[in-house]
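There are two complexes below, and they share chain A, which is joined by chain B in the first and by chain C in the second.
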Partner chain A sequence: MKFGIFYEISVPRPWGPTTEYEVYQNCLEQVKLADELGFDQVWAVEHHFLEEYSHCSAPEVFLTACAMVTKNIRIGRGIVVCVPEFNNPIKAAEVAATMDIVSGGRLEFGTGRSATWTELGGMSADPDETKKTWDEWVRIIPKMWTEERFGYQGRAFSMPQRAVLPKPLQKPHPPMWVAVTSPGTELDAADRGMGSLGLTFGGFAEQEQKIAEYRRRIKYCNPVGSFVNEQVNTVNFLFCHEDNEYGAKTGQRLAGTFNYLAEQLLAARQAYPTRSYPNLGLLPALRREATSAPEGQIPEGLCIGNPDRIIEVIKKWESVGVDRINFLLNAIETVPQEEVLASLRLFAKEVMPKFAEKPAAKAPAAVGGN
Partner chain B sequence: MPLVGTRPTTDFEHGPLLRPDGEPWVLPRVQILQVMYELEQGAMTSLLPPALHPTIPPTLVVTAWRVPESPAGPFTLAEAKVGCRSGARPRALSVRAYCDSAAAREALAARWGYPVSEGTIDFARRYDRSWVTVRAGGRTVLDAHLVDPEAISGADIQYLATLNTARVERDGAATARLIQVDPEYQFHSADRGMPELLAFDGEAWGLPGADPYWPVSASYAVADVAMPELRYLVDPAKPPLAAVERLHA
Partner chain C sequence: MPDRGTLAIDGLAPAEFDAGPLELRGRWLQLTFEVDRDAALRWLPADVTRPIPCYARLLVAEGETAAGPLRFAALGVGGRFRMMPRNVLAAAVVEGAGRLPALAGPAEPGEVRIEREGDDVTVRIAGTSGPLAEARLPAPYAIDPAMLRWDGWVVYAPEGGKTVLAEAPVSVDAAAARLAKGAAMTPAAGLDRGSPWRQLRTLLPISACIVEGTLRVGPAAVPAPMLLG
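Up next, the complex of A and B:
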C-alpha cells in the first residue's frame, strides 16, 4: 500500500488579495512535509471556474513547484482534461515530458474528460464528444513521447510529422492513469492497460467488485502505452489525531465541507441531456459516502479518527485490492494548517509503518515506467 | 462558504395557501418541454432568498407541461425557475407560473403550492421544433423553443425538483414556505435539441433582473407524471443548512 496526497486547492470566501496565495503556500508546505515523511505521491486536479471548490486550473505549474521543493514524492497530474477546448494533445505531451524531466522522472500522468457543465459549458465543449476525444488522446500521447517523429490523422485531431519535444525522462514514458468517476470507466482503464485513478469512495463491497473486474479485464487489455499500469488508486479524506472523537469530528467536518462545495457545481447531466454522462460524477458519491453513517458513527471507509481506527480502515481497503490511497487534507481551510501538518506527522509515525513491509500490491507492479 | 441569496423574504409572502389533501394524481402522456439558459451573473444572488445557494453558473429553467388528462381536466402549465441549491440538494425556485385552466390552477396551487396565474399558453410540437409561448396581461412573457430535435433516451434527462413559492399554516398563521415538488416520470419518448429563447419577461415571472443570455440545452419528452406526496418545505428566511423542514412535524 502506498499513500499520497490529493489537491483540489479549494479557496474560502471572502477572497482577499492574498487568499489564494496563502492557500497555495499552505499546500506547498504540506507537500514538502509529506515528502519528508515518506508519502509516495502528490496529485493535483485540473479544474476551471469551480468557485471555492477548486482554484487549481494550472496544476502543471503547481506540481512543478511541488517538484522543486521535494526530493522523492511522485508528481501526479490528475488529470489532463483530454478535450480539445481545454487542452491540446501536443502541448499536453510536451508539458508532461518537461515536468518529468524537471522532477527527475517523478511524473504520473492522469487523464480524464471533466464532469461539470460549469467547466464544459465554460469551455464551449460538446459533452457528447468528451469520451471520444479522451480515447483518441490517450492513444496518441504515449506515441508522441516514444516516437522520434510523430504524425497522425485522426477523428478529432490530426498533425503532420513532427518531433514532439522534449521526451520524458522515464523510459519508455510515465505511468498513465484514467480518472474514474462514471460507472464503467474502470473498465475503460482496464481495456487500455491504464491505472484506475478512483475519485469516488463507494463502500468496501462496491469497490471490491469493481477492482476484481478491473483485474480480470486488464489481463486481456490492448495497452495504449508501452506498458501496462495495473494499479488501483483511490481517494479518501485524512484527519489523524490521538483523540479518536476529535479526529473523527474534525474529519467529518472536512468531508462535509468538501462535499457541500462540490454540490454547488452544475454537473454535466443536470444541464445537458446526454448518455455520455450517465450519472452525476463524483459529487453525489462523495456526499453519500461522507454522510451515510448512522448518527454518531463514522462512515466506514473514511480515514479519520485516531491511528488505530485509520489502520483498520486501510487494512480493509488493502484487502479489497486497493494499491494506493490519496488523501484530501483540507477544504476551504476548514482545518487549521498546523492541525493538517500534525495529522500528516501522526499518520506517518503511527500508520504508515504498519504498511511499509507489505508486498507492493496484490497485483503485479507496473512494468516499466517507474 | 458558497454564496447565498439576498432577496427580501417579503417577496415570498404572496403565494397560494397550501392545502395538501386529496387523491393521488398520475398524469398520463404529459408533453414536457424544458429549455435551460445561463443567467447573467449580476442577479446571481438577488433572485434567491437567504435559504438557497445559486448554482455555479446561475441558470434559468423553463418548463412547460401539456397535460391531456387530469382530475382537473386538460391543462397547460408553464414555469420559469431559477436553478439553485437547497443546502447540497439541486432544486429550481418557482416564484410565479402560468396555467390556462382555472380548475387546474386551483388544484395545483392548493395541493402542491404552484404559484400559478392565469395565462394563455401555446404549446406546439413540429418536426423541426417545439415551443411554448405564454401571454399574460396583454403581452408575451415567454417564447421558448427547442430547435432541430434528435431522439434520445428519457433516462438521459434529469428534471430538478421544484421549490414552489406558497404559504402554509404554522401556529395558526399563513407563513411563507417553499414547497418541494418532485414528481416521478415514466418516459415514453424523448428528444434533445438547440434551445432558443425569443422572449422572456423576468418581471412577469417574479424574477426581476433575470437575464438569460447563454443557451444550454432543450429537451422534449412524453412521460407519465406521478405528482408527489409533499414531504419537505424550505423556510426562505433561514440559512440553507437550517431551512429545510418537514411538512408534518
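Up next, the complex of A and C:
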C-alpha cells in the first residue's frame, strides 16, 4: 500500500486579494512535508470554473512547483482533460515530458474527459464527443513520447510527421492512468492497460467488485502505452488525531464540506442527456458517502479518527485490492493549516509504518516498447 | 460557501394549495438552459443554493388529466435544496383547467401552444396580459427515454399561516422521446423588466427534450427538517 495526497485546491469565499495565494502556499507547505514524511505521490486535478470547489486549472504549474520543493514524492497530473476545447494532445505530451524531466522522472500521467456541464459548457465542448477524443488521445500521446517522429491521421486529431519534444525522462514513458468517476470507466482503464485512478469514495463491497473486474479484464488488455500499468489508486479523506472523537468529528466536517461544494456543480448527465455520460458520476457517490452512516457514526471507508481506526480502515481497503490511497486534506480551509500538518505527521508516524513492510505498489510491467 | 437565494417567500403560497398529484397523458417538453446568476438568485429562496452555472428549466405539457384536457408551462430555476438538485418554481401558466395541481404556486391562466414547424418544434406561452415567451427546439431526434432525468420541483405551500417550501417529485412513463440541441427560451418583446420570463431568459442553451407518455408531478409535500453540515 502506498499513500499520496490529492488536491482540488478549493478556495473559500470571501475571495480577498491574497486568498488564492494563501491556499496555494498552504498546499505547497503540505506537499513539502508529505515528501519529507515519506508519502509516495501528490496528485492535482485539472478543473475549470468550479467556484470554491476547485481553483486548480493549471495543475502542471502547481505540480512543477511541487517538484521543485520536494525530492522523492511522485507528481500526478490528475488529470489532463483529453478534449480539444480544453487541451491539445501535442502540447499535453510536451508539457508532461517536460514535467517528467524537471522532476527527475517523477511524473504520473492521468487522463480523463471532464464530467461537469460547468466545464464542458464553459469550454463549448460537445459532451457527445469527449469519450471519443479521450480514447484517441490516450493512444497517440505515448507514441509521441516514444517515437522519434510521429504523424497521425485520426478522427478528431491529425498532425503531419514531426518530432514531439522533449521526450520523458522515464523510459519508455510515465505510467498512464484514467480518472474513474463513472461506473464502467475502470473497465475502460483495464481494456487499455491503464491504471485506475479512482475518484469515488464508495464502500468496500462496491469497490471490491469493481477492482476484481478491473484485475480480470486487464489480463486481456490491449495496452495503449508501452507497458501495462495495473494499479488501483483511490481517493479518501484524511484527518488523523490522537483523540478519535475529535478526529472523526473534524474529518466528517471536512468530508461534509467537500461534498456540499460538489453538490453545487452541474454534472454533465444531469443537464445533457447523452450516452457519453450514462450516469451522474461523482456526485451521487459523494451524496451517498455523506449520508451513508447512521447519525453519530463514521462512514465505513473514511480515513478519519485516531491512528488505530485509520489503520483498520486502510487494512480493509488493502484487502479489497487497492494499491494506493490518495488523501484529500482540506476543503475551503475548513481545517486549520497547523491541524492539517499535524494530521500528516501523526499519520506518517503511527499509520504508515504498519504498511511499510507490505509489498509495494506493483511496478509497471514492461510489455515491449523502447 | 455557495450563494443562497434572496427571494422573500412570505405570501407566495396560493390561498388554496392543491398538492396534487398531477397526472397527464400526452406530451411534454423540458428545456434546460443557463441563465444570469443575479436573476437566478432573485428567484431562489434562502433555503436553496445556486448551482454553478445557474440554469433554468421550462416544462411545457399538453394532454389529458382526470379533470379534463390541460396545457401548462412551468418555469423554474435550478437549485440545490437539501443537497439535491431541484427546480424552484418561478412562474406558471395554465390553460384548460381551473388550477394546476402540485405546481400551483404563482400560476396564471393563459395560453400554451406546442406546434411543429418544419423540422422544429415551437412553444408559445401567453398570460393574461399577452405573450410571455417562446421556445424553439431545432430538429429534435429520437433517443432512448431512459437517458432523460427528471428533477423534482420546489413550490410554495401554506403551513400554519406561513409560506413554506414543499417538494413535488416528478416521475414519467415515456413511450418515446426526442432530444434537441441549441433550444432556447426567448421572452416576448415588451415584457416588464421584473417578469421572470424576461429575467430568466436563455444565456446558453444546454438541452431540450420532447416526450410522449404519462407525466406525474407531486403530490407536493413539506419535507421534515434536516440539519446540514
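The working rule: the second predicted complex is superposed on the first by the 360 of 370 C-alpha atoms of A that agree within 3 Å, B and C clash if a C-alpha of one lies under 4 Å from a C-alpha of the other, contacts with A are read in each partner's own complex, and residues count from 1 in each chain.
In this section, a residue touches a chain if its C-beta (ideal position, glycine included) is under 8 Å from a C-beta of that chain, and two chains touch if they have at least 3 such contacts.
Bear in mind that the values here come from a model prediction, so they are computed numbers and not experimental data.
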{"item": "Combined model on chain A: chain C and chain B, fit or clash", "value": "clash"}
{"item": "First, second, both or neither for A:Q252, with chain B first and chain C second", "value": "second"}
{"item": "Which superposed partner A:R345 touches (first chain B, second chain C, both, neither)", "value": "neither"}
{"item": "First, second, both or neither for A:L50, with chain B first and chain C second", "value": "both"}
{"item": "Touched partner set for A:G121, first chain B, second chain C, both or neither", "value": "both"}
{"item": "Partner chain(s) touched by A:L266 [first = chain B, second = chain C, both, neither]", "value": "both"}
{"item": "Chain C-contacting residues of chain A that also contact chain B", "value": "12-13, 49-52, 117-118, 121-122, 257, 259-261, 263-266, 269-275, 287, 332"}
{"item": "Complex contact set, residues of chain A against chain C", "value": "12-13, 49-53, 117-118, 121-122, 252-253, 256-257, 259-261, 263-266, 269-275, 287, 290, 332"}
{"item": "Touching residues on chain A, where the partner in the complex is chain B", "value": "12-13, 49-52, 117-118, 121-122, 257, 259-261, 263-266, 269-275, 287, 332"}
{"item": "Contact footprint of chain A on chain C as seen in their complex", "value": "1-2, 32, 34, 49-53, 55, 78, 80, 83-85, 143, 147-149, 151, 179, 204, 206-207, 209, 228-229"}
{"item": "Touching residues (chain side chain B, partner chain A) in the complex", "value": "1-3, 36, 38, 53, 55-57, 59, 83, 85, 87-90, 152-153, 155-158, 160, 190, 192, 214, 216-217, 219"}
